[in-house]
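Going by the order they are written in, the chains are A, B, C and D; count residues from 1 in each one.
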Amino acid sequence: MQLGMIGLGRMGANIVRRIVRDGHTAVGYERHPGPIPELEAELGDKFSGTTDLAEFIGRLEVPRVVWVMIPAGATGKVIEDVAELLEPGDIIIDGGNSRYHEDIKRAKALEPKGIHYLDIGTSGGVFGLQRGYCLMIGGNKAQVDYLEPLLATIAPGYESAPRTPGRIGEPSQAEKGYLLCGPHGAGHFVKMVHNGIEYGAMGAYAEGLNILKHANAGSEYLHGEHSAEETPMEHPEYYLYDLDIPAITEVWRRGSVVASWLLDLTASALVADPDLDSYSGRVSDSGEGRWTVDAAIDTAVPVPILSAALYQRFSSRGQALYGDKMLSAMRKAFGGHNELPQK
Amino acid sequence: MQLGMIGLGRMGANIVRRIVRDGHTAVGYERHPGPIPELEAELGDKFSGTTDLAEFIGRLEVPRVVWVMIPAGATGKVIEDVAELLEPGDIIIDGGNSRYHEDIKRAKALEPKGIHYLDIGTSGGVFGLQRGYCLMIGGNKAQVDYLEPLLATIAPGYESAPRTPGRIGEPSQAEKGYLLCGPHGAGHFVKMVHNGIEYGAMGAYAEGLNILKHANAGSEYLHGEHSAEETPMEHPEYYLYDLDIPAITEVWRRGSVVASWLLDLTASALVADPDLDSYSGRVSDSGEGRWTVDAAIDTAVPVPILSAALYQRFSSRGQALYGDKMLSAMRKAFGGHNELPQK
Amino acid sequence: MQLGMIGLGRMGANIVRRIVRDGHTAVGYERHPGPIPELEAELGDKFSGTTDLAEFIGRLEVPRVVWVMIPAGATGKVIEDVAELLEPGDIIIDGGNSRYHEDIKRAKALEPKGIHYLDIGTSGGVFGLQRGYCLMIGGNKAQVDYLEPLLATIAPGYESAPRTPGRIGEPSQAEKGYLLCGPHGAGHFVKMVHNGIEYGAMGAYAEGLNILKHANAGSEYLHGEHSAEETPMEHPEYYLYDLDIPAITEVWRRGSVVASWLLDLTASALVADPDLDSYSGRVSDSGEGRWTVDAAIDTAVPVPILSAALYQRFSSRGQALYGDKMLSAMRKAFGGHNELPQK
Amino acid sequence: MQLGMIGLGRMGANIVRRIVRDGHTAVGYERHPGPIPELEAELGDKFSGTTDLAEFIGRLEVPRVVWVMIPAGATGKVIEDVAELLEPGDIIIDGGNSRYHEDIKRAKALEPKGIHYLDIGTSGGVFGLQRGYCLMIGGNKAQVDYLEPLLATIAPGYESAPRTPGRIGEPSQAEKGYLLCGPHGAGHFVKMVHNGIEYGAMGAYAEGLNILKHANAGSEYLHGEHSAEETPMEHPEYYLYDLDIPAITEVWRRGSVVASWLLDLTASALVADPDLDSYSGRVSDSGEGRWTVDAAIDTAVPVPILSAALYQRFSSRGQALYGDKMLSAMRKAFGGHNELPQK
């Protein structure tokens, strides 16, 4: 089967590699030639690239399958441009991180032209080439059925995880790593919540490991100077541990309840940089984390953990500072308390 | 009536001033003569101070009333020393910020000696001299009855707030600003929770005012440079407000639902320093905020707000940093994301 | 000066009462005659009401001043209808709880017609008639100046709170209880954040008082049966207090740091129903609490307290249930733990 | 090598099975004969059990190795009893869920007798028999070295997870699934934080899946009745998804960032009970979750996620109710709002 890929960044190029490796063919489009020659050399006659959108469309077999894999901000315009060049029966896939609201609008706009649309939330990061990509799909069953050979190739496949006890018979799509979640937008909705959970789980590890890091606070306390403004420590004798956090994340990978792929990656990052000295701790957040909380609020679902994870990222970038100054000002006003000195 | 005051810092001295002003007398003790001469000059023959604990005790009328008003860390030792010099029937008051566990232990230790003990959580801060102090008392009714003339003088009094609708008859003790909350420890328990609420309410204002501060984020966004790692802003046109926060806190003081003494103080602080430039935002926390959360956990009471307020103070002092670095490391590991640059 | 009031519910009628009491006149409109006869009888020739919108507009002096005080859902349509009947130079005020996005759109739509628009966030609740209303205004200075006599009458006035230390000279608008916060939408933006803070402060009291309520958990523990699934209590002896919460809220009203109008109301509610037996605890949330969190997320401001307060309301309505079941299911799956029995 | 096991419940019996399967021998003690005959039949001459503690000790080879695997509440007393019967050089292991404070005290108490002590936090739940147990150890290296054959057998082993990139040479202990974390208490400290993280990660899934569950809230809204006290839904058209949550957890197991053992278990639980109808959602919490937050507070580490996860469990058991009633009472007091009706 043939796939047209718009965007040959890491994700787009790796999806192309994965399908070519499995016997399919691909045509690629990028605004700048950048990655094209290398990818053509690597993949031989199964792949050709171009910087001309019309030519790209011209090389595609009918019905054309166009997967758009570019930053969310640019996706809308590109899909409009592509739609101009397509014919009824063709399929556009947004594999990026668009807000699902956009999917609903786009599918509606493309419908009168007879162009089909799928939103495919794609998880897998830099490891997708080997592991495969988890595909969360919104749209109609007819297109998913048609594209099944490609989707099955891009996804990790049934063998990639031990079967869930209780599941029987032919493996379902979900067990192969791709799933039609619902109508337009459902794929990006599920991917959005997936990322929200990711934030929460990452934050849970970060907080726990931060406690381990401070397990020697008693020792610091006993040897340090103390401001009268600081709470005295009641039991410094309980906090005299110098823990080897890289080793702890490693041991948890085996047999513990918190074993996970995120923990594997954390253990790996700690081998490379045991004290995290190469990081400053200014953490970005992507739209999905925010939209997840927005969706929760719209539907009155309490999400204290997912919110706390999002806010911690804001705070890591200094966004709480004015509020903190306000607290200092209030303490000064009612209690005459002076601020702690800068360290 | 006569009061013996151990500790002539701001709180101790102002309580002495308040009772002398109302016709009572006081004896003061301080390790260093520091404040004694000035206070003696100011209060005339109603007050005498000394740096000799035995002499201090000697000057007290029987039954002796000793109010200890010193930092929590030093209170236990001083009470032990004082108890050595007292006789059955005397009364020790801990007016400081001891953990209520201590009160329970101390009262039990003093009981065989016939010495009475009261824990009095005392709120009022630097304004207590004028406003009076809110007194939350733990112990036995007999001592509270005996001390009523002093307590009524130290407390703000019935006139200090409009009567609560529905209350009738003789004003209760609570309506005069002091209350026997329960047996030993109950005073400090109630004061502890009071401070926990204070943290939460302070944090609510701080967060809200921080949103107001960032109400021009759209304007900054439209004129700024953006990292590809940062979430693009969907509606900058909704965040173009440059708000006058000192004026807003002022208008809220009149007629709004969030009017409070804390807001009065906030408005006042903002008159003195409208942009809070004199603050760095490193906020201390006292034991009470922590003990409140401990008590909630012990009794399985969910306190997300009070905890969030406590944690924000920790974070303001850089205590989240290692966790933030861990998040950066994970993002790098699974997505190849680079950290945001330091500003 | 004359005011046209659309909506004669509690808020609208009380604003009319307040201005008539101060010598101004008013015309009222309501779809149903309901409150009109009574209000006419009460206010005499200073007020007339009608159920005919055109007649209402016809009775207004030029430039017409129309204050719309109806539920947010209906406001947009009514403003459109009114605008059809107005002339250049007339003024429409939205005094309700519209989302500030609407104000920006409406002002822009009305501008070509020469009709002025103000959004006035109005706080004061059922006590506004006596206390006055705190007015947070968005729009242009010219209209605020023109309307000053009315605004000053509706607001609580300078005398309603002691002057903030450091403020000097002529009282500002804010000190009189009304404030032009910024351009269109700024009034409702500030009111929105005000309500967000209100949620947070209410939640702080609720959590603290809930700890006080459970201060006898040790006593319950010592006399109760325990499931092996429940955490044993380490120190029941620290939780043996039966606290008088109505009295505690009363004593805090005098001299304490947490004194506030909300506390006054809480004390009052507890006089009427000391054990809160008449409440079930299903708490609604209005749009403002949600929009406040939305605005914080849009501007990357961490608001853990305001969010926690919002989520608690969601949870109080059973919205966490499915998540809770999921936790039970996980515990069963990895640890074989059975759920706690229903009480 | 020989192990003495006190407590033949699920965990204790499975550890015995695991070591016997690997060629070691075991002696078991239980107060009641219950599981002994069955285990003796199953394991043949490699295992014998008794209900007589002295006899149990008598059957052990010197130096005796006694692993205590019983509920935390009973552990202290049993260790004291055992210590009476042991000799210098013998080893006691607490493999249960004691608070690490106890370990520090116990090790100190046993030291003068020459009895060695290890605290071994043991994770693995009902799957430990097949997967092995993750062992987090506190104590001295000499005993860990001596016990290595047993520890290596109980732990999952090096093969149980793919090697972390960057790790080279001989597999470390951590890579085999057991780790000497530090001196006495360090094992239970690390296990405690492990459980804290577990709570947070579980909560992240629960919240995210709860959003998915409510993704059809728009549909409910459009077909439902609405109280004027409820916030109207702005965009019901965005919430019309009926999602298949069992399938979604299944697809996430393959290739996604949130793949984990907890997710495997969740998927499994949802196969057995797709709508979670067999659960009521009253969730217990064990000591570790609480102690983790206590430790964070003692060391001033902000843990909003871990706390939120703990509080959600409290709330699931109705512990927020009084606070919720307080919110209802306040809303009634200032705004005249009535509570939402019970559904």
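Please note the rule applied: contacts are C-beta pairs under 8 Å (C-beta built on N, C-alpha and C of every residue); 3 or more make two chains touch, one makes a residue touch a chain.
Per UniProt, the chains are A, B, C, D = 6-phosphogluconate dehydrogenase (Decarboxylating).
Here the structure is a predicted model, which means the values were calculated and not measured.
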Ask   = At the interface of subunit A with subunit B, does the proportion of residue numbers present on both copies reach over half, so same, or stay under half, so different?
value = same
Message = Can you tell me which chain lies farthest from subunit B, using the average of the Cα atoms as each chain's centre?
response = A
Ask   = Just curious, how far off is subunit C from subunit B if you go by their C-alpha centres, in Å?
value = 28
Note = subunit C and subunit D have mean C-alpha positions lying a whole-number Å distance apart equal to 44
Remark   = The positions of subunit B in contact with two or more other chains are 125, 203, 205, 207, 209-210, 213-214, 231, 257, 261-262, 268, 285, 290, 298, 300-304, 308, 311-312, 315, 317, 319-320, 323, 334
Task = Flag every residue of subunit D that touches subunit C in the complex, lowest number first.
result = 10, 71-73, 125-127, 202-203, 205-207, 209-210, 213-214, 227-232, 261-262, 265-266, 268-270, 273, 276, 279-287, 290, 304, 308, 312-313, 315-337, 339-343
Ask   = Which of the residues in subunit D come into contact with subunit A in the complex?
value = 100-101, 104, 123-125, 128, 131-136, 155-157, 160-162, 164-167, 172-179, 181-183, 185-186, 189-190, 193-201, 203-205, 207-208, 210-215, 217, 231, 233-235, 237-244, 247-248, 250-264, 267-268, 271-272, 292, 295-296, 298-306, 308-309, 311-312
Inquiry  = Touching residues of subunit D toward subunit B in the complex: what are they?
reply    = 257, 285, 290, 293-294, 297-298, 300-304, 307-308, 310-312, 314-315, 317, 319-320, 323, 334
